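Listed below are the structures to be examined.
The same subunit A turns up in both complexes below, where it pairs with subunit B and then with subunit C.
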Partner chain A sequence: MEEKGSVLGKSVKRVDAHDKVCGITKYTDDLCGKSLVARVLHSTIAHGRVLSIDCSEAEKIPGVVKIVTCFDAPKNYFPTAGHPWSTDPAHQDVADRLMLNEHVRLYGDDVAAVVAEDEVAAAQALRAIHVEYEEYPFVLDVQKAMEDGAPQLHEAFPNNILKHTSIRNGNYEEACKEPGLIKVEGWYDTPTVQHCHIENFICYAEMDKGRIVVTASTQIPHIVRRVVGQALGIPWGKVRVIKPYIGGGFGNKQDVLYEPLCAWLCTLVGGRRVKLDCTREETFVCNRVRHAIRGHIISWVRPDGTYAARKLELFSNQGAYASHGHSIAAKGMGAFPQMYPCPNVDADSYTVFTNRPAAGAMRGYGIPQAMFLFESHTDDVAKAIGMSPLEFRQKNLMPVGFTDAFSKNVLYTDSYNQCIDKARVYMDYDRKYKEYAQQEGPIRRGIGLAAFWYNTAVWPISLESSSCRMVLNQDGSVQVQVGETEIGQGADTTFTQMTADTLGIPLENVHVISCQDTDVTPFGTGAYASRQTYVAGFSIHQTALLLKERILDYAHELTRMPTAILDIVDGMIVRKTDLQVQMSLEELAMEALYSLSHSEHLTAESTYQIKSNAYSFGCTIAEVEVDIPACRATLLNVINVHDCGRLINPALAEAQVHGGMSMGIGYGLSEQLLFDEKTGRPLNNNLLDYKLSTFMDHPHLEAEFVENYEPTSVYGTKALGEPPVCSVAPAIRNAILQATGVAVNELPLNPHNLFRRFHEEGLV
Partner chain B sequence: MYDMKALYEAESVSEAIQLLQEHPEAQIIAGGSDVLVQMREGKRAGAELVSIYMIDALRGITMEDDGTIRIGSLTSFSHITKDPIIQKYINVLGEAVDMVGGPQIRNIGTIGGNTCNGVTSADSASTLHAWDAIVELTGPEGVRRTPIKDFYIRAGKVDLKPAEIETAILIPKAAYEGYHGHYIKYAMRNAMDIATLGCSVNVKLTENKERIEDARIAYGVAGPVPMRAPHAEEYARGKALTEETIDIFSKSVLEDINPRDSWRASKAFREHISQVLAGRALRESIRLAGGEIHG
Partner chain C sequence: MADKQYKLVTCTINGVRRQTMVDVRASLTDMLRNDYQLTSVKKGCEVGECGACNVIIDGECYNSCIYLAVWAEGKNIRTLESLMGPSGELSDIQQAFIDETAVQCGFCTPGFIMSAVEILESGKEYSRDELRKLLSGHLCRCTGYENILNAVEKTMKKRLAMNHEV
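Here is the complex of A and B:
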């Protein structure tokens, strides 16, 4: 890449920082103004059928405008996953959703909805509705749900298995017969957790000239348009979706949530504006959660530390509805033969319906679960053969030049070892590892390492395309629009830097339009995977070059210089041969718009379809102090090191890693959504009882980078959004293992699980 | 937006009592950090409220002539923590209430609300039990005083008679003079949490600081209401400052406490942690009292 004093790689200030800090930025609720209020009535059984609903008392409450029940809802089954649509029916997401359900499949399923003049009337109406159910048995455990005779959630999926896929490399059965092999086997389990973005899901809908306009806190406005159309059975062009700034999403808002219901309710009240604002309690149960994944791993390893054969079984708890479905478990399984290549691998993954909240996308998309399984097991294997966890990883992690047969991803650089080496130095790992090897007493320390596998985008699993529009203003500034959304991660800022760099104009002359409006924003499928900088980079680059070409063509008319020797540098039209400034871009733009001889609005728009993907690797080292009698592990020090290619904005990159590490700490030490075994009722769906970690639970979070320019990316960049959460929990687990000798294979590593394991091992 | 039927604002204790007599169904509200949450959950939806929050006479900490420490029931947690009388004589109470929720809750939450809620997990409650606190109640019949252990009747139920409000918490001089204490909140995270278990210990050492003259230990969440552990207290009296004393004291708490299995924690876990906390809180109290523990 040509750098020319580039704004890339600089920690420029976030373009939205000022307004966010000053409280000027408007989010969905700020934009809504006066509206009717919609609330959803949720089932109080985990599985069964609604026999009748009596709304007569509720309808008498002053302020109640409309009540609808599951018996009124259209029977248009629709999918909710924020995946690009597939025109091939075989690759479409499972359409198992209705806006309200007669067959309820989780405690908290949606059975009726109230529209009222205000929140109080709506809440009173919800309490006054009486629902009669026929109750069915329910199942919460993923493996129990697969048993014959288990309660069935969806008719089309026997034994509740949404999907089962396999990998068969080499010959596992033969390879494990090799003499002298050591067998290491373990079960590992991860909990149901929730995204806990600050802004709960919220949307409002109103009608305008016969069309429905939905403003939603979503990551995926163009997908929401499609699904609202599908759910209501109306042409997609009759739906307009607007996405303002959002207070976080982390994948929960990479699903269509209550936008269809809200849109439908709006049509039932004469098109009046209706707002549906989820409570935190609803967000935990009635939006999406992270799949709880249980795994069973058998490794056959030679005494020299090489793998002969490996076997994996994954059981992914889908909850009540398909949402993103098997994609999560499949991604987790896909990492298994790649991260530690082994010629003989058997792997099976099952995604299974249970009567829990529906699981969907959540930062890391199966990889945080997979890494807890795989990297915990890696330490168990190292321990079993008496090799240090570091040395074992160095010997077995994916080598340079590795090419994945399916995705065609190539590991171009020695990312793993470079990241691990950087983390080792910061943490003084080698010294501490020795020092903590032999400890006695109630308070002990340990240091743990975990690496992670990730890739950036979704090619070749699904469509990958990005569209961009740029419009030149009179003053030489440009508007930029893309379908990739700002969800707090800083996308607008990196898009600004890319545009300024490629077009050759100052940063302050780039205006990225943050709000996506499906009526005017170029098509793009939104924020998901860790693909925003990678994917949008292609279309921004292509479109900026297109606009530049048009500008220089116009400059040619004005200057009579050939375009080949013209360039735009810092907002000036420059003759490259002698660097003489010909005119400013402002002068050119004014002439182009107002010329009496040749007036032209200089714009560019293009789509780039991406048919590549990029590995993004790194690691965590964690140091813990374990108070054995108190059954408590405290994180003392932690570092993440990432190779996410060239950093577009180092300060934002560091912030991204801090956020992911924080999420990883919660996943590792405290978070877990609990359910009553007797009723299936969620027990702790609020921020007091669900133990999201706080600042007081974090040590200093160290984020470092190895910058290997990504050769497939137009700006040399690759995934960073999700990777920071992936390896934190297993690093903490492995540190506890070193400190105490006790392997805790069930997240979270909270006092309850430590007590249980310490008690089993005779430590308390 | 809260579903409330009416809000009556009292400006004096007598006015509050009168309002409560006029509206016998009304719920008393002080800082609102519990009541408003319950209303939002629908538990107290449509309630009438009598607010006592504006009664400034119920704020502040004073020392009475006989050395009793008087804590006005509307005193916020943050004011208790920063108060010089508390810091000088019963600093542990300031430390305990500094562990409630987060800074905003500690600014709005009051010690009166914390006790009248009747919940076993209240961070003030175990320490107040350990200091033999007296609850002052004012009602239509005048003022009465009751030991805090009698004030708690059962989970969520305290001895608050119709039209009565809690006006103060009193710590008698005999309860604190010469005592030093320590509170441990055992929770699942270091902020914004309720106690899985709370343990408050205070001790008075003999003049030569060789033995325990008196020890008091109280728990939150070891039973349906905050409770003392009299067997452990009885055992500790007159004992030398040894590891054995701490060990037996810790184990003795199991004679009295009665934690239950719940989804928040198992009985076995709570019993284990109760002993660990008893030992640690006693050890720290002895240290604060100037004692030295011998092997």
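Here is the complex of A and C:
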């Protein structure tokens, strides 16, 4: 637990902030220097087969070095999901990717690539390549794609169903026959959205002594190494991946994107450095997007507000390639029987290929979609039985002591109610809820509540392991390396605080090496599942204790004091019995390195395998004003409250919540990637037409916390990276419901969707 | 043919007179990054939507990605690199971005700070809503803009108070 004077729980400044405000932080493009330029030619049909590609004109363009087509690409099918390798072949990710495709499955699929001396020559060459296609029918809608006779994307998946999984708890069919039950049923729909990190995906590759070195803007360098090896059919040790600072990721870069293609192109030009820098338009379509999930929920409720039986169907739009696949829908479905426990649950989730961009990981991993469905429905149920949304939640939310049989997760504290209560106070919820109950006229206000379910990390579905290395320098400072990556969230800063705390040295003497290099960074699977502080905490703690033991052993040699009474406090070797300083860590380190009788480089390295994870819960309350004739909802006030355990750095935690809330507001009110129904062409894959939240689009973002020390964590902490985005959209939707009485079940809650529903309900 | 595509551009960059041959099709972003290694100028969209490449030209902010390098002839250009003191001392607005936790991935940060500089150098006092509007040419996906607004507002108030005392 926290000790007096601990650096944990303090809002220390980000370790990387100074360099970032000076513009000297190096991102991938800043490191690249002179290079050849690679560009990808994308299909201009949504589904079909490439019959021929004529590169003869393109090859004549001065500066063009190499052109390759789908007919040249190696036929090594590879997966792209940023999941740990599974030693069980049945549990491995679907390997459905080639670097370039003859069978194109989305408008924007990769059919050829150009390497040129500069951007201009590469762009001219792309325009001069002529592709002849045989066109197939295409399908964009998830349920239409499941119909018999629908266009088939992948031979191995009949009816385009990548996977279907179910939950059967109790007996739904029998339970819903109980007399006196009220049936509440709804369909809810979420759109395709994109991560929109400000740095587009970029990588460059070059060869060094027969190995390929790929520098990439990625969250998952060790996984990229493995997949580049798989795609090129070369031993994984022949690939080295370097991950510098990255300009945001949010899950898009938890996928292997163009690293294999770039690496392969490099091998075709004699190992010269080749850079592949996506445009914003490509980032929207040719990277990954969030799964659009449609859901159908039936709840059978007793008049007293308890659930008798519940049924869920989820249809998750996978797009053209498997990427993270069914994991997203499965995670969303997994929350259903847990968040509002009910003895009789039938749930089915389907992940279905369509001719849209491939969907992968995005902040929240299925939970923002699931929460829009579930929490919208929760308000619909409360309304149907005449109970307030707050009281209905208080009655049904997961109780303290709830244990999930699969993950062994336990709800140790009353996080939900504590978070909701804090949000109620800030928003003056109870008074406003009453005040807004009866309104007339064109401008109305409403207040909405939504909670969210989230669990940290991926155990027991996948491997959870973290490795750490610490190296003592002459001046008593240490280098720290872990496989968990800094992607903007502030991981390096919290790792610095943890190391300083456990080792007993000042913060400024901890140097976390941010740039990851698969040749030297300990193995780790990277940034995802809001796992960084939780999983790295175990290996940092273990490794710091190991290094401390080695330091104190050496101190024992120098001081003749037993190690049992020695400690390191603020960078000093201290005798615990009388707190007398024996020497500084610097003096010890100098002696250890340069001693003529016993020289030793004091280092420590260890792996900790994590076989637990932790629930991380919270809520949003949103207050909106709805202009009914304009069909416009304006967010007036919003708060998120989280229980993510003990805060390692409160200021960074708060900032993380702001960012998630902003993404949640965009998801709720404005963001959607649109496609032309006639051609499958993306319509708004740019930052002008895709309505990402701007400075003008939200009010003050209030972020608060309930700090219940997480008992399974070595530092008392758990997930925060993704949770802030999860409950914002349904809270806004529920506020609009309170204001207008109209349930709008399709995101985003923009004027188009509000008009349709207001018109149906006779408001406009 | 090839010669016609290049032109000598002379301008002042961060207080120093500089000269280089540029491709007439190159953007100012390209020139600043590739010819002068001013890598604080970031590329997020290259069509003037995100604000990551924002620099100050003759006292006014521009997205340098949609400003041709040849237009820089005779101009006075300032990038984030110009803000530090002679021994690397941070300016007040840079320090405020650190103190207010307004930095996350850092990719949009240089562009935001240069817009903040334009706002601060105007010497005017703006409301929070006005500041939102003035900064709305920049996109950020990490921060929700909240702490950026705090950093700019606090620095503005501090500078105004100092001017007032003087």
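Here is the rule we go by: the second predicted complex is superposed on the first by the 762 of 764 C-alpha atoms of A that agree within 3 Å, B and C clash if a C-alpha of one lies under 4 Å from a C-alpha of the other, contacts with A are read in each partner's own complex, and residues count from 1 in each chain.
Everything below uses one rule, namely that a contact is a pair of C-beta atoms (placed from the backbone, for glycine too) under 8 Å apart; a residue touches a chain by one contact, two chains touch by 3 or more.
Since the structure is predicted, the reported quantities are computational estimates derived from the model, not experimental observations.
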Review point. After lining up the shared chain so the two structures overlap, which partner does A:His658 touch, if you call subunit B first and subunit C second: first, second, both or neither?
Key: second
Check your understanding: Who touches more of subunit A, subunit B or subunit C?
Key -> C
Point to revise | Touching partner for A:Gly248 - first (subunit B), second (subunit C), both, neither | key: second
Exercise for review: Determine, under the contact definition given at the top, whether A:Tyr136 touches first (subunit B), second (subunit C), both, or neither.
Suggested key: neither
Check your understanding: Regarding the shared-chain residue A:Met696, is it in contact with subunit B (first), subunit C (second), both, or neither?
Key -> both
Exercise for review: Go through the superposed model and pick first if A:Lys13 touches only subunit B, second if only subunit C, both, or neither.
Suggested key: second
Practice item. State whether A:Tyr426 touches subunit B only (first), subunit C only (second), both chains, or neither. Key: neither
Exercise for review: Identify the partner contact of A:Tyr436: answer first if only subunit B is touched, second if only subunit C is, both if each is, neither if none is.
Suggested key: neither
Practice item. Tell me which partner A:His195 touches in the superposition: subunit B (first), subunit C (second), both or neither. Key: second
Review point. First (subunit B), second (subunit C), both or neither: which does A:Cys22 touch?
Key: second
Review point. Following superposition on chain A, which residues of subunit A contact subunit B and also contact subunit C?
Key: 120, 687-688, 693-696
Check your understanding: In their complex, what parts of subunit B are in touch with subunit A?
Key -> 1-3, 42, 45-46, 186, 188-194, 196, 263-266, 268-269, 272-273, 276
Check your understanding: Residues of subunit A touching subunit B in their complex?
Key -> 118-120, 123-124, 127, 629-631, 670, 674, 676, 683-684, 687-689, 691, 693-697, 750-752, 755, 759, 764
Review point. What residues on subunit C touch subunit A, complex-wise?
Key: 23, 25, 33, 38-47, 49-50, 52, 79-81, 83-84, 88, 90, 94-95, 97-99, 101-110, 113, 132-133, 135-136, 138-147, 149
Exercise for review: Would you tell me which residues of subunit A are touching subunit C in their complex?
Suggested key: 11, 13-14, 16-27, 29-30, 120, 195-200, 245-248, 250, 277, 279-280, 487-490, 651-652, 654-656, 658-663, 686-688, 692-696, 698, 700-701
